[in-house]
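Heads up, the thing below is written out as structure tokens.
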Amino acid sequence: MNKIKTLEDLKLLREGMQAKFKLRESGNNAENIVRIKVAMSTCGIASGAKEIMNFLIEELEQQAIEAVVTQTGCMGYCYAEPTIEVTVPGKEPIVFGEVDKHRAAEIIEKYIIHNELVDGILPMNYRTIDN
Amino acid sequence: MPKIKLSQRTNEIIREICASFDNSEGELINVLHETQHKLGYLPAEVQELIANELNMSVAKVYGVVTFYSFFNMIPQGEFPISVCMGTACYVRGAEQILHEIKRQLNIEVGQSTPDGKFSLNCLRCVGACGLAPVVMVGEKVYGRVAPQQVRKIIAEYQESTVKQEKHEM
Amino acid sequence: MNMINLTIDNRPVSVERGTTVLQAAAQIGIKIPSLCYMKLEDLNIENKPGGCRVCVVEVEGRRNLAPACCTDAAEGMVVLTHSMRAIHARRTVVELILSDHPTDCLKCAKAGNCDLQSMAQHLGIREIHYEGEQSTFREDTSPAIIRELDKCIRCRRCEMMCNEVQSVGALSAINRGFNAVISPAFEMNLDHSVCTYCGQCVAVCPTGALTEVDHTGAVIRALSNPDKTVIVQTAPAVRAALGEEFGAEPGTLVTGKLAAALRRLGFNYVFDTDFAADLTILEEGTELLNRLTAFLGGDKEVKLPMLTSCCPAWVKFFEHQFPDLKDIPSSARSPQQMFGAIAKSYFADKIGVNRKDLVVVSIMPCVAKKYECSREEFSVNGNPDVDFALTTRELAQLINLANIDFKSLPDEDFDHPLGESTGAGVIFGTTGGVIEAAVRTAYEVFTGKKLSRIDFTELRGMEGLRHATIDFDGLPIHIGIAHGLGNARKLLEDIQAGKSQFHAIEIMSCPGGCIGGGGQPYHHGNAEILKKRQMALYREDAGKPIRKSHENPYITKLYEEFLGSPMSEKAHHLLHTEYFDRSKK
Amino acid sequence: MADYKMHLLVCGGTGCKASESEQVRDNLLAEVEKHDLSDEVQVVTTGCFGFCEKGPIVKVVPDNTFYVQVRPEDASTIVMEHLIKGRKVTHLLYKDPESEEPISDSKHMDFYKKQVRIALRNCGFINPEAIDEYIARDGYAALAKCLGEMTPQEVIDEIKRSGQRGRGGGGFPTGLKWEITSKSVADQKYVVCNADEGDPGAFMDRSILEGDPHSVIEAMAICGYCTASTKGLVYIRAEYPLAIQRLKTAIKQAREYGLLGENIFGTSFSFDISLRYGAGAFVCGEETALIHSMEGLRGEPTFKPPFPSEAGYLGKPTTVNNVETLASIPVIINKGADFFNSIGTEKSKGTKVFALAGKINNVGLIEVPMGTTLREVIFDIGGGIKGGKKFKAVQTGGPSGGCLTNSFLDTPIDYDNLIAAGSMMGSGGMIVMDEDDCMVSIAKFYLEFTLDESCGKCTPCRIGNKRLYEILDKITKGLGNEEDLTRLRSLCKVIKDTSLCGLGQTSPNPILSTLDNFYDEYLAHVRDHRCPAGQCKSLVKYTIDKDKCTGCTLCFRNCPVGAITGEKRSVHYIDNAICIKCGVCYEKCKFDAISVS
């Protein structure tokens, strides 16, 4: 990585990254893949987020589902750890709570493959500053 | 306190740590962290050597070690048990858990079992309040613990003999 | 411009910027009580942790009470030192301290001299509303100092003295919360630590937590044993301070009464350590001249500067902290030990008493002297050269026990032969005095000329570090002076670094020298007392008929009859010593 | 195979459940089946929407229709009207309280979302170990803007105008703090991030550092620019290994990108950050103690002034800011002070992160605008009290704060209101207590904490708190008297009035606030030797009602100490000499046969 020397550098990088994410999220082209974020904060990890992340990666690979699984910080739903956010192309991201292996398998099977929701999804209950 | 003699290697380790912080008195806490990380605890002889290396009084080193609850002067058990005593855990029954562990292991807080297997400590909030009450064994976090589960948790380790990867003094 | 106007207890006061409320109040005669705060004016010693909270006052517009000792006066500030709220808080704070303090005042070594006791009395405390568990600690007895931490009020004065002033580092605050206390590392005994027994912690402790080991009982036993000949020596600084214990103004010289009191106590011979001080000058002075001559002659083996070695705390200090420099100090023993060695040889022979039946007691301004006389190298077949060292305070105790009305005593003289001294011996008790005494003799011996003036005022004073150059008839001799071990450390570090330009350095452990020793009457934080004691010694010196050690006729006689010459083999055996590496390296 | 076109999301949060949301779901399911829509419409239960006051809630996806206060009998209408006829059921829509207009789309009713995430804007959103993701969300744009377009004073003015106050507890205006350091003259100055989050039950700072470390790094650099400091230090608890690791990674990445180091953005401004570790001393959250600790000393506070802004780390001017304070700074710069100060109350601007814990359903990390009421936080966002129990108190401000009761539930949260109510903002721990919690024990719990964490330097904190604890202990053992309550209050006041640092000055707050708000409970302990919550072990006794006991042996089997005896199918007994009063039998008994007295 080259150093960011100017404001322009930063803007270019930002736009490049934003475009990349948009591509992923808009879901009607090459990057037509499922994105999963696993909340990996202390309490997430303490309640098994790491195992879930590994499980998801393996399962998705085995089922040949194109997906990116990344970590993220605390989503705030400590009562429902581990939590994951799943973004299926073309759809709003959905947060699932209390994800154990069984539930993770269910999410892949029902939601990712069959667009079927599973009980206990966590509605986003906060406003962001994005707009 | 029984006197121990530090091995040549331990001496070197401590000297290296001190040197990596420029033997600077102001870095004492970092040095202690690093040393405890490597050796598991900070017995008197280790503190004396550190004082010597950092060119400060051993009384001051001891003053710092005894001020911060993170530093230990006695070896921890093979499986250190920590009970979170944060408020969230407290209102969800951490005291009963602690009581039960003390009863099961027959030790008080700050002590180790005679076989050196377990040591018991309290800590203030690991930040897993969503899982209260929380007990940690080594690095592993047990959430939503009930007094009846304590026996089972301890039993998990009773048989096991995972040697800690700590440097022998 | 830099004056600040404020009101304290409805009275206006104008003070310089940087003045605390406590000091500002004092300027208009308002004495805000305090316990932990202590300032020794001009000695650069201040203890201001703001911890005891006794000096809290009400400052208009502030949410909480303010500690007067660390609150700077500010323009327009309105302070109430005795509002209901302040009094209630102050009394409660003292009650809290008392609730964690033993109540055995009647048999406490510090009774009558205890700041906490006075404070409780001052505030009229008759009941403690908050009784509860008291913190308890193991009592620790060392050769010189007793630590009874149950009586510690965490004022941190001892810690400050031990670290900031003395740079000894034997003590530190340890643990925290209710269990916090001041202790050596690992709560070990003081005698396992790097403690030098300088006793400055004892000198400033407001309570009975730190006191000296009491040897009065042993001395009474010796005095009442008909088989023993008991002789006493008394250090120079004692005569300038003992009077304080009996209500005399600080700075009152009580040399004559002191001799009288000692005689009434039953000592068979009443001698003066000043005699041994003169002897020290001859030995140490000769050693200096030898080293100087060799050095000037190009001898690379010779080490300079030469450091004085009269102070036992200083000796223990460099043995622990600068063992690599242990060849630099003079090998001369301290006056106390020279006296003991001569008393139990020369004098014992003279009066025909076996050394085993001769008991040598010393009266010292010092607690480290207790330790010094217990050092193995200062005994012969297990019989110490000096049997017991009492502090000035212990002597006062002894005088009281013997029903002596000190004030009404007549002035008496010391006995001969070990009681005769010169003005040079007297000033050993103050910082700068030893080196001045040495210069008076060294100059005349070195140059062969008579001094035109005897008072070397350039060597006097109270600054922690001083230096002067004395012209030895064309040869400039650079002299350094340090009192307080923290100051001494600076000079030693210079020596280690090869930066020292001095030929000779005088070091005394206690601020002010022996007049400020750990065994002296308590100064309670008043540095004026030390200065007055210092002036007293210079007065005594000025009034002495002989003021140069080498002119002391009894010293001359001693060499003629017994020792031969300074640094002779016999002198070396009896009057010199060696030092040990006490570091753990 | 189903291919759902629509989802009906029924809130399954505890609040909604209490108002029959389960019945709503069952009815919806039945209606869907009845109309043969099972393959197209899926009915699911969700977690809490955070709008419990208007529950039960049903949301229709994908059109985001948001129905509130849905009754079970409304199910048929929703299915018939909305699903089949495609018409929204107007009377179930949320009505704007001002205009009385129904709002059909949840996208246009963000206001029901009580939370606004500023400090937490990236937490749970980006990968904290990927600087690119941070940059994609305007990361380091604020730093670029400051360096490129603003003078240090302009930045400080902007922060001052934003009205932001320190989130560590004290509430000192951030801009002012920066300004003081900027005006101090010295050859070296420091920026310190206080990440020694020690309040038990608080984990805001940890979450931010774990979830969005770059926001803190960026803000420290901005602070460095404003105050002409080139060195930053993060003082972080050693108990937070994950946060430490993420922070280290982030610092490394920022250095690689040239966002830390020499000549940032090609300007003459250089700044770098290193870490210092705490070692388990709560008092080190106090800034002078923190600085001593960073210098390798015992973390004992010293008297202020001098303030760190004038003489701090190594005697140099030092700006000490808390993690959350810093995390909001880039937003203030990017979106402007007006954006920030449009949120909140008159004297407390912006948002505050709280760690919601205790006897509450939705334990978690939340961020709400200043001025949100405790009721909204506890009952909407927090989803109410666990197990359907009664709300008793909420503790804010950790060991420095107080317990607030029912009567404060509608108090808008801000610095001044909380202090007026006898508590304080503190760093943001919010512990909810229910009817089972004994307030005397809670006060004692906090005192024990303070006692443990007091540095021992000043008398009132060292001995005074010990005495407070002893009195409380006596009371919880049933040995107290009414005079003790007077002594307690009087000593509390002196400790507050005379202690050296914030720890001691606030340590009596948990006692004073419980004395104020739960005096009857104290009285019950000292007068009747009774613990109304049944929590003080010395004062309770468990007994088995022989008429109700069925001899099921469940209590016998669960008793950890073997205090219960009895044959199968016959009445059991508790031996009170052995009983440790853990309450397990009481919880386990299915027949209500065990009583506490």
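We call the chains A, B, C and D, going by the order they appear; numbering starts again at 1 in every chain.
In the analysis below, contacts are C-beta pairs under 8 Å (C-beta built on N, C-alpha and C of every residue); 3 or more make two chains touch, one makes a residue touch a chain.
Keep in mind the model is a prediction, meaning the values are calculated, not measured.
Distance from each chain's C-alpha mean to the overall C-alpha mean is smallest for B. The distance from the centre of chain B to the centre of chain D, with each centre set as the mean of the Cα atoms, comes to 28 Å. Each chain gets a centre from the mean of its Cα atoms; for chain B and chain C, those two points are 44 Å apart. Between chain A and chain D, the centres computed from C-alpha atoms are 25 Å apart.
One finds 36 Å separating the Cα centroids of chain A and chain B. Of all residues in chain A, those that touch two or more other chains are 42-43, 45, 78-80.
Looking at chain D, one finds that residues 203, 206-207, 240, 281, 298, 300, 357, 363-364, 455 touch two or more other chains.
Counting partner chains per residue, chain B has residues 63, 67, 126-130 touching two or more of them. Taken pairwise by the contact criterion, the protein chains fit none of the simple patterns, being neither a path, a ring, a star nor fully connected. Checking each pair of chains for touch leaves A-B, A-D, B-C, B-D, C-D. Interface residues of chain B facing chain C in the complex, by the touch rule stated above, are 1, 44, 47-48, 51-52, 56-63, 66-67.
Interface residues of chain B, counted against chain A in their complex, comprise 126-131, 134, 141, 143. Listed in rising order, the residues of chain D touching chain C in the complex are 281, 283, 298, 300, 302-303, 305, 451-460, 462-464, 466-467, 470, 487, 490-491, 494, 496-500, 505. Of all residues in chain A, those touching chain D in their complex are 1, 3-7, 10, 13-14, 17-18, 20-21, 37, 39-43, 45, 70-80, 83, 85, 92, 97, 114-129.
The touching residues of chain A, counted against chain B in their complex, run 42-43, 45-47, 78-81.
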